[in-house]
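Next come two complexes, and both contain subunit A; in the first it sits with subunit B, in the second with subunit C.
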Partner chain A sequence: MKDALVLVERFNAHPDSRCWHVAWNPTATLMASCGGDRAIRIWGKEGDSWKCLSVLQDGHQRTVRRVAWSPCGTYLASASFDATTCIWKKKNDDFECLTTLEGHENEVKCVTWAPSGNLLATCSRDKSVWVWEVDEEDEYECVTVINSHTQDVKLVVWHPTLELLASASYDNNICVYKEEDDDWECKATLEGHASTVWSLTFDPSGQRMASCSDDRTVKIWKCQNIEGPGDMSWKCVCTLSGFHERSVYDIAWCRLTGALVTACGDDGVRVFKEDPSADPDQPVFSLAAHVSKAHSQDVNCVAWNPKEGGVLATCSDNGEIAIWKYQDDHE
Partner chain B sequence: MNMEEKELEVYDVIRSIRDPEKPNTLEELDVVTESCVEVRPLPGDEYLIIIKFSPTVPHCSLATLIGLCLQVKLQRCLPFKHKLEIYVSEGTHSTEEDINKQINDKERVAAAMENPDLREIVEQCVMEPDY
Partner chain C sequence: MASHFSGVLKLTDLDDFITPSQECVKPVKLEKKQGKSVAKIQIEDDGSYFQINQDGGKQKLEKAKITLNDCLACSGCITSAESVLIAQQSQEEIFKVLRNNKLASATDQVVVVVSVSPQSRASLAARFGMSSSETGRRLTSFLKGLGVHHVFDTGFSRTFSLLESQQEFLERFQRKEQDKSALPMLTSACPGWICYAEKTHGEFILPYISTTRSPQQMMGSLVKDYFAEAQGLSPRQIFHVAVMPCYDKKLEASRPDFYLEEAESREVDLVITSGEVLSMLEQEKVILNEVKAAPLDELFSNVNGGELLSHAGGGSGGYLHHVFTHTAKQLFGEEVKELTYKTLKNKDFQEVTLEKDGVVVLRFASTYGFRNIQNLVQKLKRGKSPYHFVEVMACPSGCLNGGGQLKPLPDQTSKDLLQQVERLYKAETASVPEDDTRVSDLYHSWLHNVGAERARQLLRTQYHGVEKISNGLVIKW
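Up next is the complex of A and B:
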C-alpha cells in the first residue's frame, strides 16, 4: 500500500446531528448534504474552502436520508424518514420546493435520478421500489411500484448508461430491474451477502457492480448478457473480506479512475485498486489507501468528485463533511 | 487495561432503565446483569461494548423496544468513545436473529426514535429516577 488519502478540508456540516449523505452536483461546483437535523445544506467553494450557501430547513418533518442531483444539475431530490421525497429547483443560489412525492408507507431511504433525467427511483422501509416519470412541465407521476424485496430497501441506483435499476436491501439481497412491455420487473436477484446490503455502485463500464454490507464485506458482481433480451445472469466474481471491522455503509466506484472507495462503521475510509493484469472473470482488488480514523464516528457516505479524479467527499455520524485527495503513488 | 471498570460504568447506565411494561428496572427483572456486559478495547482509545440482555417475555416487539432503550441511553450517557453491539441472549427468544438485526441497524434505530409514540415510551424508560 503505497498510495495515500490526504485530508484537504474538514468542516461541521450538520451541528449536533448525523450527516447521512453528501453529493456533488454534476459540475462539481456544489455539494448538497443532509442529516438528522432534517435539513439539507448546499455548499459552494469560496476561495479554498467550502461555505454553506443555503439551508433548506422546511422541506421535511423528519431526518433527510439522501439527496440526489438531477443530471442537468438544476434539480435536487431529497428522501426523508417522513415518507416523502421533495423535488427542489435551483433558483440563483437558492432552492425552492417544487413538489412533494407521496406514496411510500414509511421512511424513504433513497432517491436517485436516471442518467436520462426523465426518471426517478425511490425505495423505502415499506419494501418497495417506486419508479417515477417526469415530463416537460415538471409533473411527476409514479409509473411502477415494484415489490421484489421482502424487507426494508436501503438503496436504489441506476445503471450509468442503460435504463436499468438495481436495489439493495435489509433482506440481504440485491435486485436488478429492467423495463419490459411498459412495466418494470425484477430480472435478477443477487444472493450472497450474509446481512443487510447497504449500498451498490456500478463500475465505469456498467458491466459490473460492487456492493457493501453489514456482513463487513464488499462483493463484486459481473453480468453476462446485461443488454440482451431474456434473463441477465449475475455472478459474484470477488469478495473483499477481512478489511472492514464493522458494517460497510457506502461504496463508490470512480468513473474517472476506476478506484473503489468504502465508508465504514469503524470510522475508516478505504480505497481499493484493481490489478490490471488479473483475469476479468476473477478480478483482484487490493487495499491501496486507508485512513483508519477518517472521522471520529461512523462514516456514512463516500462520493467521488465527478470532475476531478482522486477527489473524494465523506460524511459522518459526527456531523462533519471531509474532502480528501487520493494520491496514486504512480502519478 | 482493566475492562471491569469500564464494564461497571456501562452497567451503571443500563441497570436503571425501566422495563416498558412492568414498573421495575431491567436490573430488578434480571433483564440485564453485571455479567451481561462485555467491554473490549479498540484501537485509538475506543471500546467495543457487547451487551446480551434477556427479555422476560417472548414478545418480539418488547425485546426490540428494550434493545432500543439500551441503544439510546448508552449513546447519550456513556462518556467514553465506543461502538455498541446489543443482542438478545441466546436461547431466550424464538426470533433472536430478527431482533438482533433490527436493534443493531442504526438507520432503523434512528427512524424508530422519530416515531413520536415509540419515542415517548423510550424516554419514559430511560429517564433518570428522581430520588
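Up next is the complex of A and C:
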C-alpha cells in the first residue's frame, strides 16, 4: 500500500502575491513566511489552526525571498530583492528590526544561520556568497566574500554539525566552502546537474547532500574526507529522474525520519524514502507519496517540522501555505 | 579578461551581451533637449535617425556614444567589452609608439618616459633571481635598448605622496572638531578602492578620502609639467608609461581629472603591468639576467649611491607608517622608531596605536581586501569607526599581491612567491621622506612660485560620486 501525504490545513498567507518561503522555528511553535508582498508573517497555532500573529511590513522595499530562524529561536533573518538582509529580534509576540546588512550588489536570494548561532551566510544574484559574524553586542560584520560561482547563487546552506557551507547556483554547480588560514575557500565544486541547482539539503548525519534542479532531477552526493585535512571529494551516488515534470524548486531531508521531500514547478509535492537495505555507496530512493496538485501553482518551498516527524509545511506561488502529514504505511 | 581587476572592482556585473551593463550611468548624463514630449522618429535608409517635428521639419538625432574613455573613466560599471579594451591598452601600445618614433621625423618624435613602480620591480626581481636595484638597472638597459628615453622610479614620486599625505593628515586632525568628515582620513592611492567608493558609497564616503595624488599620478604631474617644461617640450611630446602591479591603475590613468585639457594630453598615457613587461621581454626574446646593466636615471628615482631606495611600512607605499610617525612627532613629540602592528579580525586588518599618559591619542588601521573594506565602511556609516586614519587597499596582502604581478612558476605556491617578492622589496634600504633634500628642493623650485591653486592641481585630486540608474528596461529578471 502506498504511503499517504494528507492535507492538514491550507490557508492564504500572502494575499494576491506569491509566498516564497516558509520556515518553522526551532521549537516548531511558530512559522515565518515571506513573499512578493514585501511582508514577513509570523504564524502561531491557535487550537487546531494557524493564525497570523504578526505582520512585518516595513522591513524591505522589495520581495522578501527567504526567512531563517536563528538556532536559539530569538532572531529571524530575512533576505530581500532590495539587496539587504534584515535581522529581527523577537520581543514578546512581536519582532523588531535590529539591523540591516548591506553589501550585496543586487537581489539577496537566501540567508541561513550556522548551527553555532554566531555565523550567518547570504547569497545573491551578484554571484557572491557572504559569511557574516555576530558578536556579543549584536553587531554584524562581514567575515568573507566568496566569488566561486559564475552566475546567480540561489541558495546557501550550513552543514548540520561542522562549520562547512554549501551553495547552489544558476551556473549548474554546487560549491562547498571551508575556513582555511584566515579566510573561507571553495574546497569542492560539484558538477553534474544540467541546469540551475535550486536547492540543497544535508542528510541527518551530514555525510550526504541532496540537490534539486531545473533539470527536473534530484541528486544525492556523498563525501570522502569531509572533515579534512586536504581536499574533500564529493561523488554523485544517486540521481532521481523521471519523477518530476518541471523544475524542482526545493528539497528537504527530515532530521527525524530521514525522508526526502521535494517542491516542484508542476504544483506537486513528493516524498521519497530510502531503501535501508541498499549499499550506502549506491543508495536507492523510491517515491513513497505524491500529491500532484498540492497547490494550484508552483510549490516554492518544503519544510519538515523539526519536532514532529512526518509533518510538513509547503508554500506556493498562489500565496498559500499548506500543512501536511506524511503517513508512513508501515507505522 | 575581466578577471584581471581587483576583487573589489569585480563585484559589479560583467555581462553585457546586448544592452550596456545595467550599471552604465552614461545615458543619465546626456543633455536633455527642451521640446514637446511627443515626437515622431524616422529611420533613414542609412540607419540615421531623424525626429519629425510637428511642422514637418526634420532634425537629425545624435547617436548616444560611449567611448572607451567614457567607460574607462566612469566608475559606473566595468563591462566585459571594456575589459577587453583595457587588455588592448597593453604592451602593444608601447611597441607601436617606439616603432612610430623610429620612422617619424625629428619634430614628430615623442620622448618616451617609463616610470617603474617598486612593486613591479620586486615582482620581476623574484622571477629573475636578482635584487630589486639590479633588476632596475637591467630594465633600464632593456627599455632604453628599445628606444625608451628615460626610465624613472615611482618611489621618487611616492616621496611626494607621502609628504603630502602627512601634511593633509595634520590639516584634517587640526580641524576635526569643526569638520565631522575630516577624520578618519582614508588613503587614496588604490584606484580599485576609489572606483568602488565612488560607485557604491558616493557622496557619503568621498569627504573622508585623502585628496593626495597617488605615486603614479604624482609622477604624471612631475613628468608632464616640471620635466616637460625643463626639457622645453609640450606634454603631448612626451609619451609617459607607468609600470604597475595591477590593472586597476589603467583605470586611474584614464580619469578625466588626469587629463590636461589645454595640452590635450594625459598625464600618464599608458599603464602596463609587471606581467606585461614580462611579455615584452618574451616578445623581444630577452632574458633579463643576460642583459647588461645600465646606470639608473637618477633624476626622478629614489636612489642613493647607485642603489634604489624604498620606504618603510609595507609593500603598499607605507602611508600608515609615514603619517603615523610624522604625526606622533609633530603633534605629540614622540619619536616612534618601530610600529607595533596588532592583527585584528584577519591578517589584512591591522591596527597601530599611540598612547600618551595611558590615553590612546592616535588610532590607525590598515584594511586590505574587500571584506575588510566592507566592514570599515559599514562601521563608518554607523558612526562607530574608532580610527583617525586608515590605509585602504583593494587587494588582500596589498600591492605586492596585485593582479598584474607575475604569477608563480609551476613548482611555486602563491604564498611562497609572495614571501619572496616581499623579501626583495624590503631588502631595499628605506629612505625618510622628510629628510629627502632633492625632493624638498624640487618642492621649492617647482611649486614655490605657482600659487596655491596650481600647486593643488599638481599634487592633489578630487573624486566624483556615481549616481545609480534604476532603469526598468535594463533590470535582469
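Following the convention adopted for this analysis, the second predicted complex is superposed on the first by the 330 of 331 C-alpha atoms of A that agree within 3 Å, B and C clash if a C-alpha of one lies under 4 Å from a C-alpha of the other, contacts with A are read in each partner's own complex, and residues count from 1 in each chain.
The definition used in the following text is that a residue touches a chain if its C-beta (ideal position, glycine included) is under 8 Å from a C-beta of that chain, and two chains touch if they have at least 3 such contacts.
Just so it is clear, the structure is predicted and the values come from calculations on it, not from any experiment.
Of the two partner chains placed around the shared chain by superposition, subunit B is the only one that A:Thr63 touches, whereas subunit C remains out of contact. By the touch criterion defined above, A:Trp113 reaches neither subunit B nor subunit C.
In the superposed model, A:Glu102 lies in contact with subunit C only, and not with subunit B. Once the two complexes are laid over each other on the shared chain, residue contacts for A:Tyr177 go to neither subunit B nor subunit C. In the superposed model, A:Lys154 makes contact with subunit B only, not with subunit C. Touched residues of subunit A, counted separately for subunit B and subunit C, are more numerous for B. Legend: residue contacts after superposition of the two complexes on their common chain; A:Glu141 is shown touching subunit C, with no touch to subunit B. Of the two partner chains placed by the overlay, only subunit C lies in contact with A:Ser128; subunit B stays clear of it. Taken together, the two complexes place residues 106, 125 of subunit A in contact with subunit B and also with subunit C.
Contact residues of subunit A toward subunit C in the complex are 102-103, 105-106, 125-128, 141-145, 147, 182-183. Partner subunit A is touched in their complex by these residues of subunit C: 7, 10-13, 345-347, 370-371, 374-375, 378, 396, 476. Residue ranges of subunit A in contact with subunit B, taken from their complex: 18, 36, 62-63, 65, 81, 106-107, 109, 125, 152, 154, 170, 195-196, 214, 246, 265-266, 292-293, 296, 298. Subunit B meets subunit A in the complex at residues 43-44, 81, 83, 101, 105-108, 110-111, 114.
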